[in-house]
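The same subunit A turns up in both complexes below, where it pairs with subunit B and then with subunit C.
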Partner chain A sequence: MTLELRNVTKRVGVETHIYETDLTLATKGFNILLGATNAGKTSLIKMMAGLERPTSGEIRFNGENVTGVSTQKRNISLVHQFFVNYPSMNVFDNIASPLRVARESRKDIERRVHEAADILKLRPYLKRRPAELSGGQQQRTALARAIVKDSSLVLLDEPLANLDYKLREELRDQLPQLFADRGAIVVYATSEPSEALMLGGHTATVMDGRVTQFGETSGIYRTPRDVATAQVFSDPPINIASAQKRGNEILLGETRFAAQGPIAARPDGTYTLGIRPHFVTSTPAPNSAAVSGTVQVTELSGSESIAHFAMGNDVWVAQSQGVHAYDVGEKHDFYIDTTGCIFFDGHGALVV
Partner chain B sequence: MPRWLVPTLYIFFLMLPIYWLLAMSFKTTNEILGGFTLWPQEFTTENYRVIFTDPTWYWGYFNSLIYVTINTVISLAVALPAAYAFSRFRFTGDKHLFFWLLTNRMAPPAVFALPFLQLYSSVGLFDTHIAVALAHCLFNIPLAVWILEGFMSGVPKELDETAYVDGHSFGSFFFKIFVPTITSGIGVAAFFCFMFSWVELLLAKTLTAVEAKPIAAIMTKTASSSGYELGLLAAAGCLTIIPGAFVIYFVRNYIAKGFALGRV
Partner chain C sequence: MSAKTQNERAWWFVLPVVLLVAFNALVPLMTVVNYSVQESFSQGVWFWSGVDWFEQTLHSERFHAALGRQLLFTTIILLIEVPLGIAIALSMPKTGPWVPVCLVLMALPLLIPWNVVGAMWNIFALPDIGLLGYTVNALGIDYDYTQNALAAWITVIAMDVWHWTSLVVLLAYAGLVSIPDAYYQAAKIDGAGKWAVFRHIQLPKMNRVLTIAILLRFMDSFMIYTEPFVLTGGGPGNSTTFLSIDLVKKALGEFDLGPAAAMSLIYFLITLLVSWLFYTIMTRQEEEG
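The block that comes next holds the complex of A and B.
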């Protein structure tokens, strides 16, 4: 099965929500839409669901044009970021709703609802109303409604964003199994790069209404096509700075280090350097180049220390293993692992 | 000052007129006019007997209840789709239209009494229940739309979308899912329609003569050559309070929710 967006755009009034987009999604693994809030993920999902019509372009399902087909006729499931259930019905009726509309037999409905409820551990709550459930249980009810029917397209719009940490981890582990072997195309929108990496599959990075890159998740993470993709797919944010290449050396402010990798073969000039925070640490290592900056903010996350430091006009983020004490306002030395540097040319495209 | 004093005084003064009305309804007119008595010296249910046996009296209640019910049904049936449109769609002039609806409540009913009387007389609707019910729609539909829109806007649009995704048609979604979701809003709207229509006297009196005469208008007939029959009037007054009290009892929880949403 394939879902194809062909030259799809979406404009509302004078605002453009989605610029011309081509995207072909398949059944293998999750299709992740990764992007910040307001990047256009929800617009894309609504168009895939048929809830909104694209301003131009076509949406094709298995090669068939479904652009104007109503949501009801598309056989899809959708889970929202906010827990949306029918408040007037109990959990059983909530899950059974799509089956009742499809006029399944009473016996079938009961069996399938119980199956879905067992998978999502909702068995004890079937008689309760959504308002009497915790957030996690409410979202599990919504997920149960999504898996109870054999839809060919499952759209998950940041389904874990409003859950607390523990529940999020638990459900995230369950999700891939839940939809494996169903033969459905699964689209999963998220704003967290780490979530995309954990779920694997394919990722489309979305920024300001454009899909900047689509491909295997780990591939995109390692070799983002351009600066925008690298920025979308990095948390904490990737450090971006302007650097000079002169001969076989890279000049980054007052720091110099040897050019290696694809950049070595490029002509001299100005390039954009990108380096993920975990390549910037407070301990020297072979291959590392020292930079120094004024520490502004520090965060400690158990096993990692994060420092935001000012270097020239840029603010950089360093992510070091272990606990390090930084004095805010003091100058501090950091070490860049030069093998982690990626370079972009004047148009923002990756140097390969 | 003891803590119970203020609430006690408050309730005392609040209940005093109602107690007085109730006490009067069990007195004879002579006792009422005769002097000051705190409770009926000569307890009588004669006043109530008159009301329950004389058709011109008890039909007053039926007439009132009939047009109030018709009005509430019409108002809700019209206001539900209107409020849905205002809460879910953006169209040219939607905000102006919404405000214009409310301005209908700003004009005093007396302004409309004459045109309504003339209009209904010429189309043969004068002195019918439907005439009063329709006239009251002028005030109740805007109110119901206003209240329902508030409740509907409190329901996220995602609920509609989820229903469509599940395969519900619009009608199925609206009646099986949406209406049950906003029952408290419908309860509040129904309550206000009922109350406004129940207490409105001017239009109801102007547009009726015999067949559909409301109870409040019938009360004026107790004036006779021997003066007012105050006991009878008090009994009729007591009975008039009952339907309102009933309705308030049933929707009291919804009203609290309505206040919380800031639309009542």
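The block that comes next holds the complex of A and C.
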């Protein structure tokens, strides 16, 4: 099964929500839409669901054009960021609702609802109404409604965003199993790079209404095609600065280090250097080069220390293992692992 | 940290409310209670009469008739205004330039004072010169609310529906627009029809505002005075003499202060009791639903 977006755009009034987009999604693994809030993930999902019609372009399902087909006539499940269940029905009836609309037999409904309830550990709550459930139970009910249906397209729009940390981890582990072997195309929208990496599958990075890259999740993380993709797929945000290549050396402000990797073969000139925060630490290592900056903000997570520091006009983030003390407002030396540097040319494209 | 100062000064802050409630509610109410248990012949001559007036009122056919008319009236207008209000709210646009237009149009009747509404409908429905009365008669229907009890009832109910359905509309509309789009999308994806959306999403989500709407409409219609008084004066005969009209007749027309006081206390208690019943039943339903 495939879901194909062909030259799809979406404009509302004078605003463009989605610029021309081509995307082909398949059944294998999750298809993750990764991007910040308002990047256009929900617009894409609504168009895939048929809740909104693209301004131009086509949506094809298994090669068939379904652009104008109403949502009711498509076999779709959708789970929202907000816990959406029917307030007047108990959990059983909520899960059963898509089956009832499809006029399945009473016996079938009972069997399938119980199956779904078992998978999502909702058995004890079948008699309760949504208002009497915790957030996690409400969202599990919504997920049960999505899996009970055997739909060919499952759309999950930040389904874990409103859950607390513990539940989020638990459900995130379960999700890929839930939808494995169901033969459905699963689309999962998230704003967290770490979530995309944990779920695996394929990722489309979305920024300001454009899909900047689509491919295998880990591949995109390792070699983002351009600066925008690298920025979307990094948390804390990737450090960016302008750097010069001169001969065999890279000049980053007053720091110089040897050019290695693909950049070594490129002509001299100005490039954009990108380096993920975990390659910038406060302890020197064999391959590292020192940079210094004024510490602005520090965050401690226990296993990691994060420092935001100003270097010229750029603000960088350093992510070091262990607990480090930084004096805010003071100059501090940081060490960049030069093997972690990636370079983009004048058009923002990755140097390969 | 210093130790907390212990004194009674806080009571001064409560005093304004106590005074307000005393002059606003307690003193007038106690005056009524005072009247209801005594008989007055002339100024300054009082006799203790105990619960006589209450017994008399509760056994009086006149009271029964007025209470019956009152209950019938309230039931009818609730049965019309609540469904009609919901239906209008459902058909109003949710976004776009027509929203403010609709809201203002809906709010207009609510802005007109009660006695003006009564006077308007009084003239509007007159069979010889009123637009409505003349038209209906011209169509061959014999309609004269000043002579015919049924016509009087229809006119009073039409007037109340015209005046107050907007309140239900505005409350129901507020409930409707607060439903997130996600619910409608979920229903669409399940393939639910319009009725299912109404029954399982819109109605349960409007539950709270509808409770308020029904409660307000009950209390207001149960205590209705000015509009029917101006429109029909309680007539023809006693056919539209509701409780409050009857009460005023008794207290100010006949100057039967004792029975009138007893009646107004009973009236007050009935209103309180039914409001409480409505509220309890509806909030319990909500807990279950």
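Structure notes:
In this section, the second predicted complex is superposed on the first by the 352 of 352 C-alpha atoms of A that agree within 3 Å, B and C clash if a C-alpha of one lies under 4 Å from a C-alpha of the other, contacts with A are read in each partner's own complex, and residues count from 1 in each chain.
Definition applied: a residue touches a chain if its C-beta (ideal position, glycine included) is under 8 Å from a C-beta of that chain, and two chains touch if they have at least 3 such contacts.
The model shown is predicted, which means the values in this text are computed figures rather than measured ones.
When the two complexes are overlaid on subunit A, subunit B and subunit C occupy overlapping space and clash.
Once the two complexes are overlaid on the shared chain, A:97 sits against subunit B and subunit C alike.
Contact with both subunit B and subunit C is seen for A:86 once the two complexes are overlaid on the shared chain.
In the superposed model, A:72 makes contact with both subunit B and subunit C. Look at A:129: by the touch rule set out above, it reaches subunit C but stays clear of subunit B. 46, 49, 51, 70-72, 76-78, 80, 82, 84, 86-89, 97-98, 101-102, 142, 145 are the residues of subunit A that lie in the contact sets of both subunit B and subunit C, per the superposition on chain A.
Contact residues of subunit A toward subunit C in the complex are 46, 49, 51, 70-72, 76-78, 80, 82, 84, 86-89, 97-98, 101-102, 129, 142, 145.
Within the complex formed with subunit B, the residues of subunit A that make contact are 46, 49, 51, 70-72, 76-78, 80, 82, 84-89, 97-98, 101-102, 142, 145, 149. By the touch criterion stated above, subunit C contacts subunit A in their complex at residues 180, 182-183, 185-186, 188-192, 196, 199-201, 203-205, 288-289.
Contact residues on subunit B toward subunit A in their complex (touch as defined above): 156, 158-159, 161-169, 172, 177, 180-181, 183.
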